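Labels for the chains are A, B, C, D, E and F, by order of writing; each one numbers its residues from 1.
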Amino acid sequence: MAVSVCRRAHFNAAHRLYNPKWTDEKNQEVFGKCNNYNYHGHNYELEVWVTGEVDEETGYVIDLGYLRDVIKTEVEDRFDHKNLNLDTEEFKNLIPTAENISIVIWNKLRSRLENKFELKVRLYETPRNFVEYGG
Amino acid sequence: MAVSVCRRAHFNAAHRLYNPKWTDEKNQEVFGKCNNYNYHGHNYELEVWVTGEVDEETGYVIDLGYLRDVIKTEVEDRFDHKNLNLDTEEFKNLIPTAENISIVIWNKLRSRLENKFELKVRLYETPRNFVEYGG
Amino acid sequence: MAVSVCRRAHFNAAHRLYNPKWTDEKNQEVFGKCNNYNYHGHNYELEVWVTGEVDEETGYVIDLGYLRDVIKTEVEDRFDHKNLNLDTEEFKNLIPTAENISIVIWNKLRSRLENKFELKVRLYETPRNFVEYGG
Amino acid sequence: MAVSVCRRAHFNAAHRLYNPKWTDEKNQEVFGKCNNYNYHGHNYELEVWVTGEVDEETGYVIDLGYLRDVIKTEVEDRFDHKNLNLDTEEFKNLIPTAENISIVIWNKLRSRLENKFELKVRLYETPRNFVEYGG
Amino acid sequence: MAVSVCRRAHFNAAHRLYNPKWTDEKNQEVFGKCNNYNYHGHNYELEVWVTGEVDEETGYVIDLGYLRDVIKTEVEDRFDHKNLNLDTEEFKNLIPTAENISIVIWNKLRSRLENKFELKVRLYETPRNFVEYGG
Amino acid sequence: MAVSVCRRAHFNAAHRLYNPKWTDEKNQEVFGKCNNYNYHGHNYELEVWVTGEVDEETGYVIDLGYLRDVIKTEVEDRFDHKNLNLDTEEFKNLIPTAENISIVIWNKLRSRLENKFELKVRLYETPRNFVEYGG
């Protein structure tokens, strides 16, 4: 009787898509406007899905207050109102595409949840572009 | 060639999270504001997903008019504008968390659908907290 | 050069529409399901609009952090996860329709804002029913 | 390390649900208002989900610019501002239910994507009725 | 102490923008894809705003149940699942642009509301194009 | 018989709130996280409202295709995927708050519209913070 529960969160950040091994021309060709030298930015909307058994005593899969605090510590405090390329360790050497951001977030949250839970994250970069990662 | 079809519905209800086996202190510690003695409430948004083969004659997986009527009878007429703890049989002895509400709704809808269909429900308690259950 | 700025907030509450001067029959006739004896509830979404001149030094009409704190103190702390009829002074003798809730909220916020600002509130009771009040 | 990426698109179209093998009475009984002789219409919102490995060089699963162009050619140019029954080859002999439209779109997109990718489409016919198809 | 209350509704319809006094070329030039000979369609979302004093006895500006019934009779029953050009009297000789549809709806609703109320309608033709009319 | 028509658009940009006349401490105190030295960013959603008489020949207040092109030239081409502080002339010496961005956009669009039209813009910086300016 596994139920999935979801908590939404968000953070605003600047980023630039750029592969330092490539020439400027190749970066422009592959990443286009997302390669803008001085960065651009997004309102990232995050859905964190945790799947597990419902606890009979509480009726909860997981305490959403705990989940909210984990998301705050691991995601919002780290990435909100930041430049992902310049202000974070995670994306110093990793291109901050939505795909890579979702993997980084998943890994951080995974380490804070008990093994009995399954975890999936969905990240909206814009209302028209979004990604999903489940490990 | 299985296709999933979804119908959205909604209901407004009051509830309180409370485990009668526990002290008031423990209830407050676990459920916080959701334990408010005089109840609080939500606009519940429900997605009902039915998966099956597409009928060649109709182009439908299932008649959505039938599905709408089943949702009305089993969910809306029962829970809309109600106090889940006081006005319903289902939650007299079951804590009305979003997880438990989704299981109750799934069971009711499951019994009204042919076995050839798969069923999943998603229940939004608020725009930021929601759950999903598929049996 | 007046600009309007808006901050959204939300709170969840139970309520019941009921006029104590009327018979049960009349209450049922006028308020229907909203008259349910044991209450029902909503996710209230609130928009607070403040209009004023843009400050040249800050580029702000008003510090949205201040506005957020005022909304938290005057609205969220007072009404979130409450039964409006039973848990609040404001609706002990006032029917908690969306219209009356918006007027109560407007009056509370008005008293916390400088006179140079215009104020308007919009309150969503459900995604299909909402009200607006500007004094 | 498979990640799913989604691109949203939309198109507006007229359609009519009608099975030419049936009598008018049977069509009316099964399809109701959707059988209106002179057509009605919808704003179709489309989500295209592509699942694959993240490319280390780009941080992308797939170039969303390429995906956007494929959706434009295969879906928008073909169906936007069209009468699905009269203006398209695809629905000359196929009832344009949301189920069938999603299968047609999936087949068109599948042929334009490398085999290494998984594909799923979700089609919103209205905000309350939608379907999903993954092959 | 005037408060505005809003009720949302929706209808799906086919239409075509076409001025019979013009040549086909001019119609194509002015209306482009919206001139498609065989029609296209939309999910129209309607907001009906009524402004008036709050009744002390009910806490209501207007009975939203009455407003819902008026919208059903005057708008939904007339236009839902219809071809606006072919199936309605209103647009036999009037181009069914969003502007004209909003004026037609406003006139119909105005005649069903007491003079003490102000009326405004907002009509979403798509999520990106919408209009507003207040008489 | 004035009708208002609205067209939505969007752009993604990085920015930083910072007054060069102030000390770092004062900037931090006033602008908080929005003062982040390396910028952060947003998905800006823009609504452009134009009010005027409905043309009898077209049924339009204004050709939305023209309006879309003006928004593209004046707003999207200028600000999309840009760093507002570094990449634009407009915000070299003007703090890019939502208030100031809306005034800049309004002025640009105003100069491209005939005098007979009224103009209002609404700019969403996040789903919870937005501004409106009408000249």
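Here is the rule we go by: a residue touches a chain if its C-beta (ideal position, glycine included) is under 8 Å from a C-beta of that chain, and two chains touch if they have at least 3 such contacts.
Keep in mind that this is a model prediction, so the values were computed, not measured.
J.: Among the remaining chains, which ones contact both subunit D and subunit F?
T.: Per touch definition, common to subunit D and subunit F: A, E.
J.: Taking touch as defined above, what minimum step count separates subunit A and subunit C?
T.: Minimal hop count between subunit A and subunit C: 2.
J.: Among all chains, whose Cα centre is located farthest from the one for subunit E?
T.: For subunit E, the chain whose C-alpha mean is farthest off is A.
J.: Among all other chains, pick the one whose mean CA position is farthest from the mean CA position of subunit C.
T.: Of all chains, D has its centre farthest from that of subunit C.
J.: Return the distance between the CA-based centres of subunit A and subunit E, expressed in whole Å.
T.: 41
J.: Centroid from C-alpha atoms only, then distance subunit A to subunit F, rounded to Å. What do you get?
T.: 28
J.: Mark out which residues of subunit A touch at least two other chains, giving numbers and ranges.
T.: 127 - these are the residues of subunit A that touch more than one other chain.
J.: Would you mind giving me the full set of chain pairs in touch?
T.: A-B, A-D, A-F, B-C, B-D, C-E, C-F, D-E, E-F
J.: For subunit E, which residues count as touching subunit C in their complex?
T.: Residues 1, 3-9, 49, 54, 57-61, 63-65.
J.: Subunit A touches which residues of subunit F in the complex?
T.: Touch list, subunit F to subunit A: 10, 12-15, 33-34, 36, 38-43, 80-83, 86-87, 126-127.
J.: Enumerate the contact residues on subunit D facing subunit B in the complex.
T.: 17, 19, 21, 30-32, 94-100, 102-103, 127-133
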